[in-house]
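Below are two complexes that have subunit A in common, paired first with subunit B and then with subunit C.
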Partner chain A sequence: MSLTEQRSSPSRYFPSDDEYAGLLDKRSRRARVIQTVLLGALAVAVLALVTLLYTIINDSFGLVAQINANEPEDVVASFGYDPARVGLGDLTKDELVVALQGGIERNVGRRLEREQRFYADRLVFESQEKWDEVCARGDAPAGCDSAPRDHGNVLRLVEERIIKPDIVAATTLQASVTHPQAFKDSVRASFADNPERYEGYTYEQVRYKWRAWLSWQFVTSPSSSTPEIAGISTAILGSIWLVIITIAFAIPVGVGAAVYLEEFARPNRINDLIQTNINNLAGVPSIIYGILGLAVFVRVLEPVTSGSLFLDDPAPNGRTVLSAGLTLGLLTLPVVIISSQEALRAVPNSLRQAGMGLGATKWQTVRSHILPIAVPGILTGTILAVARAIGETAPLILVGAAGFITTSPSGPFSQFTALPIQIFQWTSLPQAEWQHLAAAASLTLLILLLTLNAGAVVLRNRYSRRSL
Partner chain B sequence: MDSDQVTDAPIGPELKRRLRPGEGLIVASLFAAGALSIAITLGILYELGSESLLFFRDEAVSVVEFFTNTVWQPQAGVFGIWPLILGTLYITFIALVVAVPIGLAAAIYLSEYASPRVRNFFKPILEILVGIPTVVFGFFAITFMTPILRGIFGSSTVGFFNVLSAGIVVGILIVPLVSSLAEDAMAAVPNSLRQAAYGLGASRLEVSLRVVVPAALSGIAAGIVIAMSRAVGETMVVTLAAGASPRNFTIGSDPLFSYILNPFQGAQTMTGYIAITSSGDISYNTIDYNSIFAIGLTLFFMTLGLNSLSRRIVKRYRQEYE
Partner chain C sequence: MTDQPRHPAGVDTAWEGENHSDLAADFPTPDHIPHAATAHEPGVIETKDMDVFYGDFKAVADVTVSFARNEISALIGPSGCGKSTVLRSLNRMNDLIPSARVTGKVEYHGANIYDPGVDPVEIRRRIGMVFQKPNPFPKSIFDNVAWGAKINGFKGSKSDLGDLVEESLTQAALWDEVKDKLKDSGLSLSGGQQQRLCIARAIATQPDVVLMDEPASALDPIATLRIEELMLELKEQYSIIIVTHNMQQAARVSDKTAFFNVALDTKGQRTGYLVEFSPTQELFTSPREKATEDYITGRFG
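Entry: the complex of A and B
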């Protein structure tokens, strides 16, 4: 302001010393205020990130009010152990099987045994004659020739079938630390106000315990319709399959296109068109790629993507890992091309000239000199692009992560679910337990992506240190 | 060896340019990889176009109605896209109100004020923000932003699904985009301009706001348009936080501020409609299936228009220095 003020009053070319000092003060005060405001904007961005992470972590751990059909302490005590020192997980597999035998109906046990047997050398629920008869049939169940259940598997069965945990209320990490009593009071009040919500349970049966929604068990369990035992192993496997297909498609094609555009393309109209078009494709919303994937991969190419062209037991429709992976591949392609082009452009021209000077053909120069130098840059860009693809949700919804899937994908022609889809589905459910599961799944996804991004940063730093 | 002999010697067959059919094949396949991008664009246009054509051929639909009617009720066979466009534009507007001041201020600070140490602290944070999947932002909107808004304005005023929460979170999502594009534009301003201004006695603030920002204005504007296009195409946050009911309205009879532009109630967007409609097992050749292509086509042209606008701005108003 001071500059204009001086200009607008030409009579005061030379302010007195006092005025001068005052003006200077005013000017620097203003500058300080605005500088603080600018820094404040950055602080807001940091605050947003911190709040987001806090929200997710806050929901991933906390107190739960749980009602067990049988208390684990009673199960442990029934084997003569001291429940104070021995946990359910400390029981041997044999003891867990005994507990299972005592707690479930015989025909339920038979079904479990047919799914997967308990011991390789003996049967628990089924008689030997019946077993042999069932296994001799054409449609022999999976248990006939699979490996027996391990300790963790039987433990899970005991928890699922004997303990039968039912979480009636859950709270956040912060509330569990600061106001645990308030949570307990609210559960008590809820029991008193609408007992019909709790189907015959009484408040006395409620046990409060800490629950880490993100746990090893969560990461290794398949999805389920009961939140207490639901996990994300199916979703993680689905995401891994997607990444493999995305990479297999996007890297060769993307790097190939980048090499063509940077090293071989002469500036003519077709090549200009390709370049403009790639820039345009990078700006197309991901959901449009989803529509393309639905129309082309899921519908038109159904014989290929469902595997019915070459498999005996194809998927019922084209909503498979292959369709989704290719859709994500198309989505990632422009990003891979553009970042690979940047990496190739960073290779000094002297190398190309040296190659030419020695009589190498263009392709020989590219293959043996340009590409090897550009590889770290290409990889960095590709990792970032793949990290973006892992988090993509909208296109996957369209190409049909088909809702509720509990079996892990076994190949490119399986139906699947993926981590972001699982988060989306859990987030859209109203009950509080699902929100906690969604938080835990989000945390898993973020850890995965941060690891990938950190890898890319490390690669970039190593690359820039060795740069020519 | 005598030099005359070398020049006079005929070029032997082993020194002639050899035909390398393998290499031609390689270059051809590299070209094919590049040309595939054209095929993708054509594929998008063809699929969106042909299915939209089926949609418009349906007797329940008319093109004029689609682009003029302000009611979207697929169950009743009323297809007017305006409620969905309203939802999209409203959320985009709120997002820009949040993201432009924050992103721009952050860019000015990072480009003109920050020491390398401060930069190295803030830049990775913005990069992490870019890397967070949008579905996680959607979760954030529902579990954090919406309850906070309902706490501030009262849960009777603010619906569980509301435009404001979705808009603010989309805004946070595009802050890093605005700031990094604006920072790039400011970094392209030559230092001589800054030095000239400093030489005239300008303060750092005056240099930033009166020299660098005006000089980078075209780049900044282009960046804001790109961010806008990103907000228009954003799907997960709006699907989760803004709800699944289109805000049908009648101009004239519906109150403007308490209904049509009420930020506290939900409104479905174009992307939200596409995601929700297709999340079940959608059957082919139904009017619902075809409608997502017609909306997709509209969305495609909207974002394409914004992206070309951004490129036009850069081309037209760019100052060439030196």
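Entry: the complex of A and C
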């Protein structure tokens, strides 16, 4: 017996039982269709993400065809070790210096020693008299008073100057796994067809090696014009400095403005205008912020951003990490304000009334009850905004991030580069190796973002617990 | 008095006077309103010709009433008659609504609280408030009670603060239930306990008057009874003004009752006004006004 039959007087406005069954089927089908469409939307999003990750990871690892000027095994063997058991990195600093001495021109060695000496107590390439003379000059080179090179530094020099690895071809992770022979054949064919591309090399010199373009060495080395030894430590440090300055600027200013607008401002025409403008600013293209940063921070505020107002040895101009950080801070500010406002608006009004009803001032209520509850929401929005800022390239190009720089930023008044800039520079170079380096740098950027987000989640959860 | 029929819950049919073409004609003239407090004993809060506006909309018109010290005064009336608005005007809580505006006078110990130069923060400390829905802070029970004292410049030591918290919770008849879990969140309590916590919080700042906006409407009958008992105890020390939808509650606890009603003007705007303010016994047994009688006998509202 159906439900409607039990009714004493079924309404004439409702469908009959049979009609209703059909209607129900139709509605259920419709619901299923919609559900499938929604699932499809999710699938597209997931697919896009997976493709992105696949592309990056695919380029970050793989087989390379490499030609060394000197084989590391030969260097190891020259000291009487068994190359099968001892690697180049296992040699002592003294041995590496000896290898370097035997492999490079004396004047090149002198230049290296003037950049940074090998030992604190003795000279390797330079004579003592000449060294004293050079160091007595007004423009004494950096090596005169810097700490001596350590083991890793000398190892790098040996790889760079003695081994001189030259990657003549590289392939992707997928190709390396599925068709390694095809890659080798293509390199061999290339040698046979275009010998002029490999001048001075023969195919017999080629060694196939697995290479992780994203490696510890890649992450800890500064940039270089040689792709085999180029790294991104400079760019990572630059990006970290940018994040710190961006957060230090955007959070206090953004949250402050949001608290004022949400808790103190009375709705009037001026405040409505400000609110509308903030909402619009969130959509302004980042390049516009770059122009603003260039005009204001780099040019007008140069005494501040170059540090010449406070420092004895300021940066030569305003194109410093401080200018860039403030520009990114301005860029994130609207989003920080809007998301903080949302978080504050979500705090129930009853708490404001409770606080005010006890004879608290507005600020006491906001400080003790409203802000603590809003903090998790504020953090979420802020982190999303900062994450976006880390990936920004256009404004950094305008405010003058260096394309090629090998010294890490040491403070807010340093010249700098950043990960997206480095990626941009490398992808615009023609040789294939740079593309792999760019992929590895992208992966690093993603990992950095992930770390930042994870940190934010931890912080947010801690605050959520505390407020209840 | 408890044999008064209770008005059906949820029915919102404000009574409209037979002839509402002229708003002024529906308002009782001032001498219809009996002044409860006699001339030789002024009330703790007295309103004089108080109008409350939200923007251009006049929510309550022409309220003149005097609430006496150490008494419970109840404000009753149909939905939308502005009794909550009146209550919130008495400690300037309406200031939190940007469009709200009060004209006329609200005198607290003879001084108009709407005079320029009067700090509403000071007023709210002296005239505390308990809200319809229990709204403890998402903090510990101890902090809930102690916070109001701290921000109002409590000068005692830490142990004095502990004493104050204990005293306030005891007065609010909550101490025995929470004394072992003062560090627990105020939100971990039941609804009735939360409301008593809010009362403890309000009296911890040692106010003079406590305003209660339907304090028991979100609670079950047992919790309601506890709150009512509590009010009767508290009136020894405080003056209490309570808004309630529940006429039996007004009859049970209050000393004086004000009946508000709503009038429609020609544009269909609903404006609340005070019909009569009398000793509770009198209002429920021999109301002066026909509207009051209709309301308390359940003929509308």
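Following the convention adopted for this analysis, the second predicted complex is superposed on the first by the 395 of 468 C-alpha atoms of A that agree within 3 Å, B and C clash if a C-alpha of one lies under 4 Å from a C-alpha of the other, contacts with A are read in each partner's own complex, and residues count from 1 in each chain.
Here, a residue touches a chain if its C-beta (ideal position, glycine included) is under 8 Å from a C-beta of that chain, and two chains touch if they have at least 3 such contacts.
On a predicted model such as this, the values are computed, not experimentally measured, just so you know.
Student: May I ask you to decide whether A:I34 touches subunit B, subunit C, both, or neither, giving the answer as first, second, both or neither?
Tutor: A:I34 sits against subunit B, while subunit C stays out of touch.
Student: In the superposed arrangement, does A:S368 touch subunit B (first), subunit C (second), both or neither?
Tutor: A:S368 sits against subunit C, while subunit B stays out of touch.
Student: Once the shared chain is lined up, is A:L281 touching subunit B (first), subunit C (second), both, or neither of them?
Tutor: first
Student: Check the residue A:G357 against both partner chains and state whether it touches subunit B (first), subunit C (second), both, or neither.
Tutor: second
Student: May I ask you to decide whether A:T451 touches subunit B, subunit C, both, or neither, giving the answer as first, second, both or neither?
Tutor: In the superposition, A:T451 touches no partner, neither subunit B nor subunit C.
Student: Applying the document's definition of touch, where does A:P267 land relative to subunit B and subunit C: first, second, both, or neither?
Tutor: Second partner only, subunit C.
Student: By the touch definition at the top of the document, which applies to A:I397: first (subunit B), second (subunit C), both, or neither?
Tutor: A:I397 contacts subunit B only, not subunit C.
Student: Of subunit B and subunit C, which one contacts the greater number of residues in subunit A?
Tutor: For subunit A, the partner with the higher number of touched residues is B.
Student: Please work out whether A:V46 is in contact with subunit B alone, subunit C alone, both, or neither, and reply first, second, both or neither.
Tutor: Only subunit B; A:V46 stays clear of subunit C.
Student: Would you tell me the residues on subunit A in contact with subunit B in one complex that are also in contact with subunit C in the other?
Tutor: 361
Student: Which residues of subunit B touch subunit A in the complex?
Tutor: Within the complex, subunit B touches subunit A at residues 20, 23, 26-27, 29-38, 40-41, 43-44, 47-48, 51, 101-106, 108-110, 113, 122, 124-129, 131-140, 142-144, 172, 175-176, 179, 201-206, 209, 226, 229-230, 232-236, 239-240, 271, 274-275, 278-281, 284, 292-293, 296, 299-300, 303-304, 307-308.
Student: List the residues on subunit A that touch subunit C in their complex, please.
Tutor: So the residues of subunit A touching subunit C come out as 266-267, 348, 350-361, 364, 368-369, 373, 467-468.
Student: For the complex, give me every residue of subunit A touching subunit B.
Tutor: 3, 27-28, 30-31, 34-35, 37-42, 44-46, 48-49, 51-52, 55-56, 59, 252-254, 256-257, 259-261, 264-265, 271, 273-274, 277-278, 280-281, 283-292, 294-296, 299, 330, 333-334, 337, 361, 363, 384, 387-388, 390-394, 397-398, 400, 402-403, 420, 423-424, 427-428, 435, 438-439, 442, 445-446, 449-450, 453, 457
Student: For subunit C, which residues are in contact with subunit A within the complex?
Tutor: Answer in residue numbers: 91, 93, 96, 98, 121-122, 124-126, 128-129, 131, 133, 135-139, 147-148, 151-152, 185, 187, 198, 201-202, 205.
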